[in-house]
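Next, two complexes with subunit A in common: one pairs it with subunit B, the other with subunit C.
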Partner chain A sequence: MKTPARRRFDTLILGAGGAGLRAALQLARAEARVAVVSKVFPTRSHTVAAQGGVNAALGNVSPDNWHWHMYDTVKGGDYLGDQDAIEYMCRAAPKIVYELEHFGVPFSRLDNGRIYQRPFGGMTRDFGGEQAARTCAAADRTGHAILHTLFQQNIRARTHFFDEYFAIDLLRDDEGAVLGALVLEIESGEPLLIEAKTTLIASGGCGQLFRTTTNAHINTGDGMAMVLRAGLPLQDMEFFQFHPTGIAGKGMLITEGARGEGGYLVNREGERFMERYAPHARDLASRDVVSRAIATEIREGRGCGPQKDHVLLKLDHLGSGVVAQRLPGIRDMCRTFLHIDPAETPIPVAPTAHYVMGGIPTNRFGEVVAPEKTGAEDPVPGLYAAGECACVSVHGANRLGGNSLLDILVFGRAAGKRIIEFLSEHRNHRPLDEAAVERALQRLARWDRRGDGESVATLRDELTRLMEEHASVFRTEAVMRDGVDKLRALRARIADVRLRDTSRVFNTARIEALELENLVDISMATLAGALAREESRGAHSRIDFPQRDDARWMKHSLYWRKDDRLEWKPVRTKPLSVDSFPPKERVY
Partner chain B sequence: MRFRIYRYDPDRDSAPRMQDYQLDDIRPGMMLRDALIALKAQDESLAFRHSCGEGVCGSDGMNINGRNGLACITPLAGLKEPVEIRPFPGMPVIRDLIVDMSPFYRQYRAVKPWLVREDPEPEVEVLQTPAQRARLDGLYECILCGCCSTACPSFWWNPERFLGPAALLQAWRFLADSRDQHSEQRLDQLEGPYRLFRCHTIMNCVEVCPKGLHPTRAIGQIKATMLKHAI
Partner chain C sequence: MPSDQAALNRVRWQCRRGMLELDLLLRGFVEAHWTALDSARRDDLERLLREPDNLLLEWFHRGATPLDPRLRGLVEQILAGDV
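Then we have the complex of A and B:
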């Protein structure tokens, strides 16, 4: 293969969602040379789909402070979150939201002109007291409003975009430093080398692991898999969130904001069953709690519909005014996909794959950390990660609604700041490692093999069914072992997959093949961690180990691709300035 | 169900052609995007953009039985057979249903679609009443899918000089924002016979917008504001 063209930047950002664009803005305003690479045009990134809002203790609607928000986040994460990072995030939240407003985000407003905030699950006042209204919203299109605004401010700051370029692999030299990445220009099919002093991965989540998902087709965890192939670990991958209210059988999300505005769930008998599972918070308990409750209702035969495979979300008592004003996007979606008006007819919903708590291990500065030299907190030189692909960890074992938009913005910005510091100390590029370039090109070249073989679509379909069957809401050793065996077999079959589309121009089949490889690696990380963790914590519920076990398992998992190896590292329980929140029994 | 789909791969084909497809497994509630994914499983060389599957990312705009729309929110049920699918009209085709959207994005950038304020930044939010905020409804929701501009005859003939409905809708989105302090500059920028005034109120844009937005009304409001501004 001929040597690819090269470009050089101070910083390469892989991903143009909220995390990537927030970091890019920080850097562009500091006059760093930034390249933002995205496999889709920036405003098509999946941040655009976020609905309900972003949490910040502004106190516009009910009294609030960041410390209460911190408590909720620690508890919501079932005590697996790192409390230094959580304190940092909750303290930074109000500033981050005001900044967004100044950038132009069209937040909904209260009568006094301030930003509208709605109640969301797991949000309380006074360390577990009354429900808090903390989630700042632009109707039910908050992600769209934020992503478009950040894109607009980046155009203004003259950020350099590489739209529709697909990142293949990181370039890492013998000393472990990351020097940029090999990317593919999708339109021409030509590879391009982007050399950079610093590389930030902001490639989003991997909801496409599962067949029914709220995530877009592009959410294939590419950046996480790149990290695995670079010999680095992923953290806490066993924790995958199932959102309680995806449209049954289809997957589109109905925001938690629908319950925040007063909606509630009922089973086949019309019973408001959340009262049994979470007497205090009811429908606004944490997501893992509500999803398990729905799954239990369905398993015990109290599901609705002919298959008894879903429950109903009732909004018909709210009045069409509230629905039109606060949930217009949800109303459109129900009309389009269900031919119902949610202001009149309840919505069929079921737990749906939604969000990955695990990811690329980082510290609260956005630096990727891995146990390579002195300990698990060693930064990998030149490599940063932020957003859903990263694991800081602020969400621990279960993310609270409205905390992801916050996470991507806070740590996108923090990573940008850290990179600026690094750049001021490191003025020159390190020499590029040609062997690393060769390895990355090899990965691409494998897909030029011709001949007969299985299709990408077949394997992707099998994979997502496998994950749905073997790594879902409730887990057991036997089911997961079986899953690992099947996954190993599937992984081996990738070698026999062949592309029929051999065109260079906008070859989407080749892109999907590369995504399939990524999904398979991430599936293994997920199942390996889930099988090893013999307890139930947050989103990870083992029928065979129903209790949380802090003595043995209050620790983060690290998974390496080589030999499917696992290691463990301690939770950072010490916050920055306040007292630690020690683990307690978690009731809502 | 029968489909006729525009195919063109510059790597292989000397000219575009229409290819017939047949899909047997049609389930109730299926959208056109689901059908395209199923067809791609049969013939992986069929190329189209798509992502969110729920009408918010704006990736899968195309011409469906002569009308621009998003495949993911177009139900198969209402479509006449064979369903004829083509790339957006008037745009350079890259491959199959994928067009080069850069003229469209250029015009978006040209209206400087970002909030500008001159006042010092307050420590908290800039206040805005619910009524002021309501003026942005029907404007900020645009997903930049391009269905409107690529259905607009004035845009086909003057893609470099006429801004087109999507960009003009965004121009108005910032003019209408009580927080923005660059109205003068924005209005000045829209002067001249082409940028704004090539709109002949043909309304194609309104008819096709999958988000139910109304670029023609926004264009009218810009014109009215300019008039007031001139006096």
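Then we have the complex of A and C:
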């Protein structure tokens, strides 16, 4: 393979969602030379889908205090979050929101002109008291408003964008320093070497691990898998948030409102099965209970459809007037995607994957940390991560609504600040390790092999079904051991996959193959952590270990790709300036 | 590779959006109908794909309609399609 073209920057940012763009802006304004690489046009990043808002204790609607926000976040994360990072995030939140306002984000307003704040689940006043109105919103398109505003500000600040470039691998030298990445221009199919003194991974989540997910197709965990291939661990990957009722096989949410209006779930025998799992609350039981009940029905062969892989949500008894009046959004979605009217035909639903709490381990400065040399949390020189791909960890075992946009903005900015400090002390590029370049090129060249073999689409379909069956909401030792065995077998088959089209120009099949490799690696991280963690905490719910076990398991998991190794590190329970919140039973 | 295959791949990639709802709708339409579209309709589609996600969401899922009659027709065609 010919030598790729080379470009040099102070900072390379992989991903153009809210975290990447917030960091880029910090850096470009400090006159650093910044390259942002994105596999899609930046304003098509998944941040655009965040509708809810940003939590910040502004106190515009009800009295508020960052310390109360901190308490809610620690408790919401079921005491697995690092309390120093959580304090930092909650204290920084008001400043972050005012900065966004000054950048031009059109927040909704109260009559008195202040920023509107809406009540959101899990947000309280006075450490678990009354509901707090803490979530700042720009109507129902907060993510879109933030993403577009940050993009415009970056254009103004002369950030250099590489749109429709796909990141292949990080380049690390013998001392472990990260010196940039090999990327691929999708249009030409040509590799490009981007040398950088600092690299920030802000590549988003990995909901595409699961067959049924709310995540956009771009969310294939590319940056997380790059970290694994670079010999670094991922943290807490067993914690994945699910919603009980997504449209089966497609993923879009059907809100709890549908069941609130009288809708109910049935299995293939027409039985209202929730009566067996939650005799009182029935279809309105909590999300995890409903999710597990649906998964149990499917596992025990009572699912609907030819593959018995979903259950039905019935609204047809409510009458078309009620459905049209009270659930118009659901009706429109069913008409568009299923060509059914839910007032006449039940909706096929299954638990849908929504958000990964785990990711690339970082400290509160956005530095990637790993037990590499002397300590458990040594910063990896030149490498940073922020956003859903990172695990700071502020969400612990379960993320609260309105904290994800806050996370990407606070830690995108924090990483930007830390990188500026690093750049002021490191004026020169380190020499590039040509062996690392060669390894990355080989990974790319592997997809030029011709001949007969398995298809990417077949393996991708098998993988997402495997993850849905063995790593979603129905987690027992037997189910997950079986899943690990199957996943190892599937991982071995990657070597036999061939592309029919090995052309260069806009070869999206090659990109999808690279994404498949990424998904397989992250799947193992998820399953290995979930199998090892013998307790139920936050979003990780074990049927065979239903209780939280702080004595044994109040610790973070770390997974390495080599030998599928797992280690553990303690939760940082000491905040920066206040007393710790000790673990308590999480009741609402 | 024939140039129309490259054009199809390019359009497929433009269907990668920030929201799942748009991914499914746009990709589904392209896979089912691209080969049958005449060049003017293909131009319309590429124009539609240059619009921001929030606007597409309004058109496809919230009952708003594009002012441009050609885009309006295309949105209606996509919504009527089998995805």
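As a convention for this text, the second predicted complex is superposed on the first by the 481 of 588 C-alpha atoms of A that agree within 3 Å, B and C clash if a C-alpha of one lies under 4 Å from a C-alpha of the other, contacts with A are read in each partner's own complex, and residues count from 1 in each chain.
Here is the rule we use: a residue touches a chain if its C-beta (ideal position, glycine included) is under 8 Å from a C-beta of that chain, and two chains touch if they have at least 3 such contacts.
Treat the numbers as computed from the prediction; the structure is a model and nothing was measured.
Peer 1: So, does A:Phe337 touch the first partner subunit B, the second partner subunit C, both, or neither?
Peer 2: Both partners, subunit B and subunit C.
Peer 1: More residues of subunit A are touched by which partner: subunit B or subunit C?
Peer 2: B
Peer 1: Touching A:Gly113, do we find subunit B (first), subunit C (second), both, or neither?
Peer 2: first
Peer 1: So in the superposed three-chain picture, is A:Gly301 touching just subunit B, just subunit C, both, or none of them (first/second/both/neither)?
Peer 2: neither
Peer 1: Output check: A:Arg44 vs subunit B and subunit C. Expected answer is one of first, second, both, neither. What do you get?
Peer 2: A:Arg44: touches subunit B and subunit C.
Peer 1: Classify the contacts of A:Gly321 with the two partner chains as first (subunit B alone), second (subunit C alone), both, or neither.
Peer 2: Neither partner.
Peer 1: Applying the touch criterion given at the start, work out whether A:Phe506 contacts subunit B, subunit C, both or neither, answering first, second, both or neither.
Peer 2: So A:Phe506 meets both subunit B and subunit C here.
Peer 1: Considering each complex separately, which residues of subunit A are in contact with subunit B in the first and with subunit C in the second?
Peer 2: Dual-contact residues (subunit A): 40, 43-46, 48-49, 141, 144, 148, 187, 216-218, 250, 252, 329, 332-333, 336-337, 501, 503, 505-508.
Peer 1: Could you list, by residue number, the parts of subunit C that touch subunit A in their complex?
Peer 2: That would be residues 1, 5-6, 9-10, 12-13, 16-25, 27, 52-54, 60-63, 79, 82-83 of subunit C.
Peer 1: For the complex, give me every residue of subunit B touching subunit A.
Peer 2: Contact set of subunit B toward subunit A: 9-12, 29, 40-41, 43-45, 47-59, 73, 94-96, 98, 101, 105, 109, 112-115, 117, 121, 123-130, 132-133, 136, 140-141, 143-144, 177, 179.
Peer 1: Applying the document's contact rule, which stretches of subunit A touch subunit B when the two form their complex?
Peer 2: Residue list for subunit A touching subunit B: 40-41, 43-46, 48-49, 97-98, 101-104, 106-115, 138, 141, 144-145, 148-149, 152-153, 155-156, 187, 216-218, 250, 252, 329, 332-333, 336-337, 455-458, 499-501, 503-509, 512.
Peer 1: Okay, in this complex, where on subunit A does subunit C touch?
Peer 2: 39-40, 43-49, 141, 144, 147-148, 164, 186-187, 213-218, 250-252, 329, 332-333, 336-337, 339, 501, 503, 505-508, 511
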